[in-house]
Amino acid sequence: MNTCNSDTKIVVKDITKQFPGENPEQGLALYDVNFTVQTNEFVTIVGRSGCGKSTMLNIAAGLLSPTKGEVLINGRAVNGPGSDRGMVFQYSGLFPWLTAIENIEFGPRNVGMPKAERRASAQELIELVRLKGFENKYPRELSGGMQQRVAIARAMALDPEILLMDEPFGSLDQLTREDMQRELLRVWEIRKKTVLFVTHSIIEAIYLSDRILVFNPNPGFVKKEFVIELPRPRQKSYPDFMRYYEEIYEAIC
Amino acid sequence: MKRSVRHSKNGKIFGLSEYIIKIITIIILIILWEFFSRVGYLSPLRFPRPSKLAITLWELMTVGYPIGITVWLHIKATVCRILQGYLLAAAFAIPMGLIIGRSYLLEQAANPVITFARSVATISLLPLAIAWFGVDELSRILLIAYGCYWVILTNTIQGVKQVDINFINAGRMLGASRRQLFFRVILPATLPRIFAGMKIALGVGFMVIIAVEMIGTIQGLGALIQQARFYYSSDIAIDGMIFIGILGLLISIVLDRLEQIMLPWAVGLEEVER
Amino acid sequence: MSNSSFGRRLWVSWAGFITLLLIWQIISVMKLINPVVFPSPTGVIKAALTDVPLNRLLQHIGISLLRVVLGFTIGATLGIIIGIVSGWYYRLGRVLWAPIDLIRPIPPLAWIPLAIIWLGLGEPSKVLIIFLGAFFPIVTNTYKGMVNIEPNIIRAAQSLGLQGRRLLLRVAIPASLPDIATGMRVGWSYSFGCMVAAELIAARSGLGYLIMHARQTGQIAVIVYGVILIGVINLLTDFVMQESIIKRKLKWQFLSTS
């Protein structure tokens, strides 16, 4: 399923990642990973803990460099973080010394956007994630779900084409998690982006994604691929939903 | 603070808050002290009565000891010395700590030196300082600076090393250059730990100055109680100690308030290097 | 960690130290500072070998260590007992802590003049200071350890039928051992510092006295020797304390599943 055409946003080619260490076998996080992501497609990587999903995401982000292989974005190889990619982490990673809106303004400030413009754009994003009224709160004054919403807004502040999300809802309770999944899809519909999402929850993956890549652990590589052909919004009660669930569950084990 | 299940739920004993209990206990102890003193069980030389202590307290504040040097002048001398040594240490330790913390190599090279320098008892350097700089303010200030420097340095280094990798990653993903990353992410993230080090360092400086003032000077709280010793004036010694204790408390209260003002966003306790 | 990177790290660690020593030697050889007051490393070694006869040195070291061990032991014993009792019996604890909290802000060294008035210039006054240096950190940490035990551990033990003194001895105290150990480590280093200060200010024997005396006789090299010696002994004793007592008895704290 590696269709490379003008619609291909991300190409992951022969990625291998070896971490240095005493035991070479233990350090082999990824081996010969290959897949593509089309523009504005929502692709999720699922797998057990330790299968290298986060490592893969970090390499795509440019935060880690691969031992072998490359990641191409719009045809050009990634060799460091860039403003074409935004990232959301599991534990928000919001700067505690900045308020919500200052966190969102962080990126634009770095690239020199003038103050008024920054503020307006950040305000827009606050309203997009439905946090109006909380602009001047510090992260510690916000609930987990709200923090992740700010994190998403922050990641979108430089208007990246790609959103990378590393188990962003993993630290939330189940109900908040489901709220956030709906929120994410809503925001994604409004501001179309290519999304590469990582989670260990199969249900979350099926709910959100166009395509799911099952990663094999130790070393990590794409074991199986699933195309989710269900209309959104998806319900767990659809029989097809659970059918996908069982297939993916089997693929993981 | 987690409370064991055996503790009372609302902090009250016999229906009174902790604070009241404390005050009552202290008052009872003072009354007992006064009583046993008057009755003769406690030697007046060694355990002056609280009433005498109060009188001496007043004299210290007005007439002074030695005559002319009121306790306020003593306090001023002590505080000035601490402040100068402390600020001197901080001015060097914080930048050094930031630089060393960023570089794995530098940290490895610096560690043995730092470990050894910290194990040297600051006070033991006093004779050396006197030999080099004489018995004067400079020696004392340098000594305090020495004691404070290593504490602030180690805490700053640890603070930089332990900046959450998520912050750095987020900063990089949001387009921060190396310089921006340092000033806008690493520095603010390190501030709570630097502050913690500063608090401990002030405590250390405080302890050092009291001892240092016992040698070669007649002004300062340490000098005050040392003088008292020579004349067996236990009342002045105890009063002096009370002033020292209060000063120490005030210093830590001031620092806590300062931290609340400057770092309102910093919550949570961290492991600190003593 | 491969052998080469470990060796490299070791080399880097010592590079800093050796560089400083070299700089020191160069400054004194070039006589940038008056050699009378600024001895070279070799001068210090020479003074160490000739100016201070070994048996007298050992005497001083012995006395100093004796004082510290004595003061620390008393301080630790009292501190741990009071810490445990005040942490376990809450009401008694609050009453006990009232005077402790009052006295705590006073640095142990500030007690020196009063200690001398009370106990004279002999050993007891110095041991008192050292005792105070050890007592406060140990009692504070022990109390903290007792009060901060995971409530679930206590509940679990209670549901297994333990109560009263057995609960205290078999569950509560072991659970607070890490904090007690921390307190002891801090208490030891404070004790050591107090010993040096007390000996500098008011003693006629011991390492602190040695240094003070050397200044009065103008033997700067001996001062430097003494300072370094104190630092080394401090490091050694801290290392011994950490390795033998703490690591052995608290193995369970350091084991982890990676």
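The chains carry the letters A, B and C, assigned in the order they are written, with residues numbered from 1 in each.
Operating definition for what follows: a residue touches a chain if its C-beta (ideal position, glycine included) is under 8 Å from a C-beta of that chain, and two chains touch if they have at least 3 such contacts.
None of these values were measured; they are calculated from a predicted model.
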Chain groups still in contact once chain C is set aside, others held in place: one piece
Distance-to-centre winner among chains (Cα means, whole assembly as reference): B
Highest-count interface - the chain pair sharing the most C-beta contacts: B-C
Whole-Å separation of chain centres (CA-atom averages), chain A against chain B: 48
Chain centre separation (chain A, chain C; CA means) in Å: 51
Whole-Å separation of chain centres (CA-atom averages), chain B against chain C: 18
Chain A to chain B touching residues, read off their complex: 58, 61, 63, 81-83, 85-87, 89, 91, 93-97, 106-107, 110-111, 138-140, 154-155, 157-158
Complex interface listing, chain C residues touching chain B: 9, 12-17, 19-20, 37-38, 87-88, 90-91, 94-95, 97-99, 101-103, 105-114, 116-118, 146-151, 154-155, 158, 172, 186, 189, 192-193, 196-197, 200-201, 207-208, 211-212, 214-215, 218, 220, 223-224, 226-228, 230-232, 234-235, 238
Residues of chain B that touch chain A when the two form their complex: 164, 166-167, 169-177, 180, 184-185, 188-189, 191, 263-267
Residues of chain B touching chain C in the complex: 1-8, 13-14, 18, 21-22, 25-26, 29, 45-46, 105, 108-113, 115-117, 119-128, 130-132, 206-207, 210-211, 214-215, 221-222, 225-226, 228-229, 232, 234, 237-238, 240-242, 244-246, 248-249, 274
